[in-house]
Every structure is written in structure tokens, then in C-alpha cells.
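Okay, handing you the structure first.
Think of it as A, B and C in the order they're written, each chain with its own count starting at 1.
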Amino acid sequence: MTHTFAAQLNSLLAALILLSAFALLAQRKIMGLVHIFAWQGLLLSLSTAVIGYASGEHHLYISSLLTLGMKVILLPYILYKLVHKLKIHRDIEAVVNVPTTMLLGIILVVFSYHLTAPIRELSNLMTRSTLAVALATIMLGMLMMVTRRHAVTQILGFLAMENGLFFAATSATYGMPMVVELGVALDLLIAAFIFGIFFFHINTTFESLDVEQMAKLKETD
Amino acid sequence: MSLHPFVIELLQFALLLGLAPAFAGWVKVLKCRVQGRTAPGILQPYRDIRRLFGKDIVLAENASWLFRFTPYLTFGVTAIAAGIIPLISVDLPLSATADVIALVMLFGIVRFFTALAGMDIGTAFGGMGSSREMTIASLAEPAMLMAIFTVSLASNSTSLTQMVSVMAHSEFVIRPSLAFALAAFILIALAETGRIPVDNPATHLELTMIHEAMILEYSGRHLALIEWAGMMKLTLFFALGIAAFCPWGIATGGDTGLLLLALVALAAKLVVGACIMVLIETGLAKLRIFRLPEFLGSAFLLATLGMIAFFILE
Amino acid sequence: MPAALDIAGFSVLLLLVLAVAAPLFRPVRTLQITLVFSLAAVASLAAVVAGVMTVADGSVASAAMTLGLPGLPFHLRLDPLAGFFLVVIGLMGFFVSIYSIGYVKGYGGQRSMTQMICFYTLFLAGMLLVVLADDAYFFLVAWELMAAASYFLVMYEDEKGENRRAAFLYLLIAHVGALAILLAFGVMAGQSGRPVFDGYTFDAMRTAQLTPGWAAAAFFLAFFGFAAKAGVIPLHVWLPEAHPVAPSNISALMSGVMLKTSIYGICRFAFDFIKEFPWWWGGIVLVLGLISAVMGVLYALMQHDLKRLLAYHSVENIGIILIGLGLSMIFAAFHLPTLAALALVAALYHTLNHAVFKGLLFMGAGAVLHATHERNMEEMGGLIHRMPWTAPLFLVGCVSISALPPFNGFVSEWLTFQAFLLSPSLPHPLLKLLIPLGAAMLALTGALAAACFVKVFGVVFLGQWRGHQKRERIHEVGPSMRAGMLLASISCLLLGIFPTWVIGWLDTIPEQLCGGRLAESAGKFGWMWLTPIAHGRASYSGPMVFIGILAVVAVTWLLLHARATSSRRVPIWDCGFARLTPRMQYTASAFSMPIRRVLGFLFAVREQVEVVPHTNHPSLPGSLQYRLRIRDRFWNWLYVPQGDAAYWIARQVGKLQQGRIQIYLLYSFVTLIVLLVFLG
């Protein structure tokens, strides 16, 4: 595998990660969302491995394996169990309709391209062009959290944002130091457990996971 | 031995006119096999067309000249389009008649007049078909243009011969932009040629038909021409996809050996393409008409992502 | 051979003489109409000749007249840009004048013909003078002449309250626009650094050195003024009100030609006066053009009044022209002259094309109105059988405006697409990504326009007659109206088939305005092949498409008719109902329903379904009533608040009116004292 080929492969993977971020915005079914999230994790893990190979930074292989374990197997499994336990299979309602969200998404991508332009000029890493995609993934995750009403989609949005951050780290500086990465992974795991516990409580209190219900907590009126 | 470009042009006309029904038949056979039905045989479309040509025409009392003229125009315009897309050789003199945008507009003429013919008799079905067809076309158009734009970025051209030569002779590069554009193109092609999940070519169920509703009043040779043009259009969309995304194997000149090789490559690609389409058609159910904006919206999204990917990543 | 400027002057003079002399022929009505409109056609043809000559040789001629104010004579100038617009005005003036002979006779003895004729000729003269004027003063005089004449023409059928309201709205917005243009000229003249009156000549404005801030102020004031005249969204509200109520020959001129004078104004300001501008000016023009194009066609789709629908299409097409202009300005700002030339040629070509096909469509609508006395499409249908001439000619207009080859609308939209496709050569990364989205919106516009014209032609001319009056009473219109439409449709076809010649002819304009040429590369492979930038980039051959389609259709037809298969005429298959009635057809509202559902959030749509119970059995439904109301959101957003504010102020001022003489005397007394205080 030559260096340029690895760069091209990485571009393709970046493009697919971007696509999966849009797929998360478009998908209506919760199980579908979990599947897409797992795919995104897989793409991320592959991309990390490719960058590791091409740059010769071998600690990225460990990151790649960690991503594979956490984001492709463990977290989706936890979410899968959660969805089954809470018996939520219905379509999720969005606050803003899907085509409009998509258009907003496209604008965000263009915006992140514009934001990362100066960094692209400065950097000489082979992954510098994927930085825009990483930033866009973060923004799209945020957009997903804003436009969706269901609590599970909120955590998926959060996890997608984390994916974006991780991707940004690998593209900008060939990954964070190992200690930090391990810490983040552990944090994520704990966050997922805490979310799970919260979901149970929210569900028993409101008999729904629609976050709009929480507006009832407001004291006025 | 080398053939004159005009001979190749004529050859291509003959090829598309002659083989489009066979291709449509092949799609039908495949679909039957996949769905576990008995297949009618690959030559059935020829028999259908021959039968229709032999039949008398039954016209409604108030059918106007436009209704009788439309089948000829449909056939004529589709035939012109057949001379433009390079199939077996890049050296195609009439290919410069229209670039991709003009080609899309040529299909637009067919649609315009078919929709008008649907409204000519004054039945409710015709109007319904026309209205839906024009709506779908309107929503598909931006996605189509975006896909064209993305493809044209790579070759710096919208001229088909130029696109084919650039694609066929550049070394292998992974281009995410083209992958996205291809995905978008497949969705659009399904919509433009009226296949599942957008329209069902086999249905005559009143509430779901779109294209069939417009041509419901046609009979005899008029219907034969429309059906034939429809088969050509299906083949042409495949040819367009092949030309824009995987033209490998196409001949550059008029050399007979290379032409034969190109013909074999084309046939293989068509066979594979038909398999993909049949799998899509079998795997998906027809969408509700008001789900279509999302379907075509995703085509637009894919094409736009392709364009963005070109600028960001390539 | 006389100079082009002389011919143009002759044309204007003839029109003015006609306006003055028309009342003399009043006793002989038929002679009056025939003579005046024939001579107006001659005058228009003279303008075309002058314009064609000027554009062809790229000459510039100017003259100062002895008319005008002391120390401020009127200046005339004929350069290629003005020449091109002379052609647009003259060509449509020619077609419409011929058409008018028959159309105006159709009014019979009901109205004053002299009023129509005088204002018609003044209107044409005003438009020609707007293009010819070479100083701000003369320009505004001509501009107001054009506006006033068209106001009286919109008011022509003034017994209807609707018409008076529309004409007033038109006059109001026209004047707000004129005011902005006046201010723009003021800014230019003030900054030109010349002595007071010299600054008002266009020559002074060409050489003026403006600071970027003042240049932007001048341009955007002028743009606002011209946009109000052109009906750019959100200043479009007068257009769908005024165009439908005017007589159809006037609608054809207003929509086809008068709107174009504002395109002329924008070109003049941007490319001729200011020349150096930042790219975001073009960006704003482009974005407004895109909004106008998409919203215009969507509003048009929702209409079922034939002329109102066509008026909204004018908003759309002005949008398309502005898209070309905006792109051209962006390319020019980045100093890419060839690309700027391509976009400018696309815009100008579309200007000419839109004039021809929109004129044709309005003439066709006039013919339909003439025959059926009906503007509501829901009351028409099947006219193709009763109007064998109008139907195919109107169809040509429909195909042209839907941008389908081989007709003219396609060529200019195709050129605009090519300009879009060249945006990757811009050095600005953000523009590279955003401009292609504009191309997608243009594609959406084109496809929606096609849907809209399938609806128009399908509902008006095809199917069965829906109206109340007897179908047999509808007759084809007279020869002069047919001739006008026929000439326009032939131009549509020729402009579509021979774009290379047109671009070759136009070449002097981009050369003078943005320093780039196109003809050399566009016509490199002969008149058959149009290759705007390079043949490897894109190519189109109008003649090949036309001849090819014609040939295949003819061959197929002949082959199939060589063998005898009979055709039978039978009643329509009615699906087992007792009888298929015309009311079972798809209506115009039904046709646009899917698009209304999908994109309805852009309008204020109100649908009401009311079930009226059966008289004998109240539990059963007797009849259904469906009401649909679609309103322009801009009306509520922008105009209603302003109207309310105006009323509020008027009410406050109205309190002064007390009706008692003592109070009025007190007002005078107080005024006197206040004045004395100030003077003292």
C-alpha cells in the first residue's frame, strides 16, 4: 500500500464518515440510528488504522482497536439493550423536518470547510484535508441533539460529536496521547452507564423519553 | 480494419434501437427469477411491440393532433439521445450535438409532451399521472444537475465524449466524489425511468400508477412507439451511467477489434447493472408519493456531498 | 446609409408624432387603428434596424439636443448596450403592434380608442428614450414618461375597482423606485467632482472616481429602484396585480419589454458607470435573482388566473436574468473577463428570449381572453379544437419558457448553467462551494416552470371545455393577431436554432463592458455548433437537434403510414360510470396539489372543505365545497405593516380636520405668528 493510496483511502473513509453523520440526521427509527452509529465507529476505527499505517505512528493501532471495541461493539450493545428494555421502537419525531435539517447540515459542512481553511494552509500532514470533515461531524452531532426530541437520539448525537472530536484529533495531530485517549474512552463508558440509569428514571417518571416532557419541570405557570 | 465515425454512429443507432427491447426483456426475466415467478423469455418485448404495431388504433373522440403527434415525438427525441451517448467508441460525430445538460433537457421534452398527452383526453387518470410525473421531475432535477456538476468537476467538462475519455484514460484513483455522485445518479435514474420505489412500471392499479396513467389512452402503433421509446430510455440511462462512471473498455477510434471488445464490455456492464437494479427493485417497496421528496432529497444530498467531497478531500 | 442614431431618432419621432396626430383620425375608427398601429410597427422596425447596426459594428454615437433646460440640454447616446435593448424593445414593439390591430378592434365601440393609441405610442417612445438617454435628467424624464403612459394603460378598463387599485399600487411602487434612482444619480453626480449641471451627464458618471462606500450607495440605490420596476422579490407585489388587468397587448409589452429597461439600468450602472466593484455586489444580485426565480415560479404554479400566472413567470425570468448578471459581476470582480462575458451574454440572451416568448404568451393569453372572455383557467379547456392557430403558437411559447430544446429559452438557460459550471475557477474557496447550489436552484426553477406550463397548456387548451357558455361560440382570432403571434413564435425557434449567430452579433457588448470576448470560441466550429468556452468543455447544436428530431419523426411517421392500419374514433372510456363529465377532469388547482403539499410552507395556504348536508337526508353529504386561498407571505411581512403605518399617520394628521371655521382660522393665525417669530 503506497502512501498516496493510503491518503486516498483515508479521504474515502472521511467521506463515508460524513455520509454516516448525515444518515444519523435522516434516520427515523431508533434501531436504525444505533446501527448507523456502529457503522460510523467502524469507519472511524478503519480510518485510524489507515492513518497509523501511513504515518508510522503505531500507537494509533491501539486507538483503532479501542474504538472498535468501544464504539462498534460495546456502546451499540448497551444502547441496543436499553432500547429493548424500554421498548421504544416507534419512529422518532424531529423538531425540524428532515429535508430542512439536511440543508442546514450542508451549510454547516460548508461553514466548517471555511473555518478550517487557515489550518489547511499551515499543516503539512496528509490528513489535513479531513479536518473539515471532522469539524463537520461534530457540528452535525450537535445539530442532531438540537433537532431531535427523543432522549436516546440526544445521547447518540453526543456520541457522534465525540466521534467527530476523535477524528479531528487524528487528522490534526495524528491522535492524542495514549493516556488522554484511554481516559476519554473510560469517560464515555461511564457516561453511557449514567445515561442509561437516567433514561430509566426519566422513563418511569414521565412514561416517555420525549425530552419535550421535561418542559413540565419549569416552575412558572 | 478501421470504421468511419459515421458508420460507428449508425451502428450505435441500430444497436440501441434493436437491443433496447432485449435489455428490457432481460430485466423482466431477471426480476421474475428473483421473485420466483415464471419468466416470459427475453424476446417477449419484441413480440409485444410487433403485436401492437399490427393492431388498429382506438382514439377517443376528442383526441387532438397533439395526442397523435406525441408518440412520434417521444420516439424521435429518444432516438436522437441514442446517438449522443458514447456506447462503444468515443469517436462519435453526433455526440457534440448535446452535452449532459442538454441531454437531460431532451428527456425533458419527452416528459413535457407525454404529460400534455395525458391531459388531452380529459380523464381524471391522465391529469393525475401528468401532475405526479411533473412533480417528481421537478424534485429530481436539482439532484440531477448536482450530480452532473460533481462528475463534470473531475473531467472539467460536461461534454460526454470528453468525460468518457478522461475517465477511461486516467489512472485508478479513489474518488469519493464520484462514488457519491454515482449513488445520487442511481436514485435519480430510478425516478426518471419510473422504477420502484418511485413508480411501478408493471402496475395498472389506479391509485399508484404515474407513468402508466399518462399513456393509458394509447393503443396500436402509438402505444408501440411509446413502449419502445420507454425501453430505449431505460437502456440510455444505463448507458449514461456507464459512460459517466465506468467507461473502461470503450474504444477510442474505429478499430474493429477494439469495437468488438468494447461491445462485450458494454454487454457485461449492462448485465451487471440490470442485476443491481433488479435487486433494488425487489428489495424495496414502492414509496408513498409524499415520501418521494425525501427520497429525491437524499439524492440531492448525496450529489452535494460529492461536490463538497471533491473540494474538501481531493 | 443613415447613421444608426438617426434611425433611432426617426423611430422615436414617428411614435411621438403618432401620439399627437392620432386624435385627428378619430372619426374613422378602423382607419385610425390600422394606420396608427401599422406605423408604430414601422417605427419599431426602425428601432430594430438601428439597434442591430450598432451592436453589429460596436459603434458609439452621441448627440446633444437643443431641447431641455437652459444650460442642461438633453443628451442622446447609442452604444452597443443601448442598441441591444433597442432591438428588444423594437422587436416586441413590432410584433405587438401588428397584434394590436386586431386586438384593439375587438374592443368595438365600447371605449375611447384614442386614449389607447396615444398612450401606447407614448409608452413605446418612452421605453426607447430610456435606453437612448445619456444624462440623468433626460433619463428620468423618459423613465417617468414610460411609467405614466403604462399607468394609464393599466387603468384602461377603469370601471373595475380592482383595476384602479392595481394601477395605484403600480404607480406607488414605480415612484418609490424612481426616487431611489434619482438619489443614485444624485450620489454619482455629487461624487463626480464636476460643476453642478455637468455632473448629471452619463459621461461624467463614467469618469467619476468614487470611494467604495459611495459607489456601493449609488449602486444599491439604483439597484433598489430598478428592482422595484423589474419586480424582483420582495418588490414584486405590483406585478401580478397590474399585468393581468392591463389589456393583453399592453401586458405583453410591459412584461416582455418594460421590465427589461431595469435590466438595462443595472447593466449601465454596474458595468458602465462603476466598473470596479467587490464580488459581494454580484453575490447579492445573484441571491436575489435565485430567490426571485424560485419563488416566482412557485407562486406562478399556485395561480389559476392565466394572466396572473404569466405575470409571476416574469418575476421568475427576471430572476434568471439577474442570476446571469450576478455571476457576471462576480467573475468580473475577480478579473476573469471571458467568464464574465459568458455570464453577461447568457443574461442578455435571456433578456431577448424572455421578451419574445413572454410577449408571445401574453398575446396568446389575450387571444384566449378575446375568444372566451375569461381569465380563470378553471373555466376553460379543449380550446385546441376551437382555436387551431392559437393553440400551437401558444405551445411554442410554453416549450420555450420551459427551457426545452430546440427553442430559445433553452439556449440562454444552458449558457447560464455553463457559467455556473465554471465557478470552480474562482479563487475564492467559499464561493466555489456555494455557487453550485445556485445552479441546483436554477435547475429546480426550470423543472417547475415546465410543470407549470404543462398545467397551463393542459388545462386551457387540452381536455374538455369546462366553461358555462356554449363551446360553439368560441372562435379563432383574426389574422393580424395570428400574424403577431406567428412572428413571435418563429423568432423563438430561430433564436433557439441559431445561437452562434446571435452570440457573434452580441459580442461587442461584453467586449466593451467587461473586456472579454466570446464569439471566437463560441463559434469556432461553424454556425452549427455552439461551444461557449471550448469544445471539450461543452457543446450544443440547435440545428442538429431540430433537424434530427424532425427527420426521425418524419421517417417514423412515413414508415408507419405505409401500411394500412385503421384508426377508430370512439367515446372516451369512462371506467364504467354513466358518463364522463368535464368536471371530472383534473383542474389547475388539482394539478399543482402535490407541489403545494411539498413546498407549501413557503406560502400562506388556507384550505377549507365544507360538507353541505343533503336536503332530504341530513345525515348524508349533499355537496362538498372546497376553498383554497393562497397568499403571498411577503404581502403580510413587508407591505401590510407599511400600509398600516401610513394609515396611522394619516389618521393622526386627520385630527387636524375639525370642520369648524374658527379652528381653521386659528391654524392660519398660529402659522402666521410662528413664521413671524422665525423671521423676527
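The working rule: a contact is a pair of C-beta atoms (placed from the backbone, for glycine too) under 8 Å apart; a residue touches a chain by one contact, two chains touch by 3 or more.
Treat the numbers as computed from the prediction; the structure is a model and nothing was measured.
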Farthest chain (mean CA position) relative to chain C: A
Chain pair with the higher count of C-beta pairs in contact (B-C, A-B): B-C
Intercentroid distance (Cα basis), chain C paired with chain A, Å: 50
Euclidean distance of C-alpha centroids - chain B vs chain C, Å: 36
Overlap residues in chain C, where contacts from two or more other chains coincide: 429, 433, 437
For chain B, residues contacting two or more additional chains: 293, 304, 308, 311
Of all residues in chain A, the ones touching two or more other chains: 106, 110, 113
Chain C residues within the chain B interface of the complex: 381-382, 384-385, 395, 399, 402-405, 410, 414, 417-418, 420-421, 424, 429, 432-433, 436-437, 439-444, 446-448, 450-451, 453-455, 457-459, 462-464, 525, 529, 531, 535-541, 544-545, 548-553, 556-557, 560, 565-573, 580, 582, 584-586, 590-595, 597-598
In the complex with chain A, residue positions of chain C that touch it: 429-430, 433-434, 437
Contact set on chain A toward chain B in their complex: 5, 8-9, 11-12, 14-16, 18-19, 22, 26, 98-99, 102, 105-106, 109-110, 113, 129-130, 132-133
Chain A-facing residues of chain B, complex: 173-174, 176-177, 179-180, 293-294, 297-298, 301-302, 304-305, 308-309, 311-314
Chain C-touching residues of chain B, taken from the complex the two chains share: 53-66, 72-73, 75-77, 79-80, 83, 94, 96-99, 101-102, 105-106, 108-109, 111-112, 115-116, 118-124, 126-128, 130-132, 134-135, 137-146, 149, 152-153, 156-159, 162, 217, 220-221, 225, 289-290, 293, 300, 304, 307-308, 311
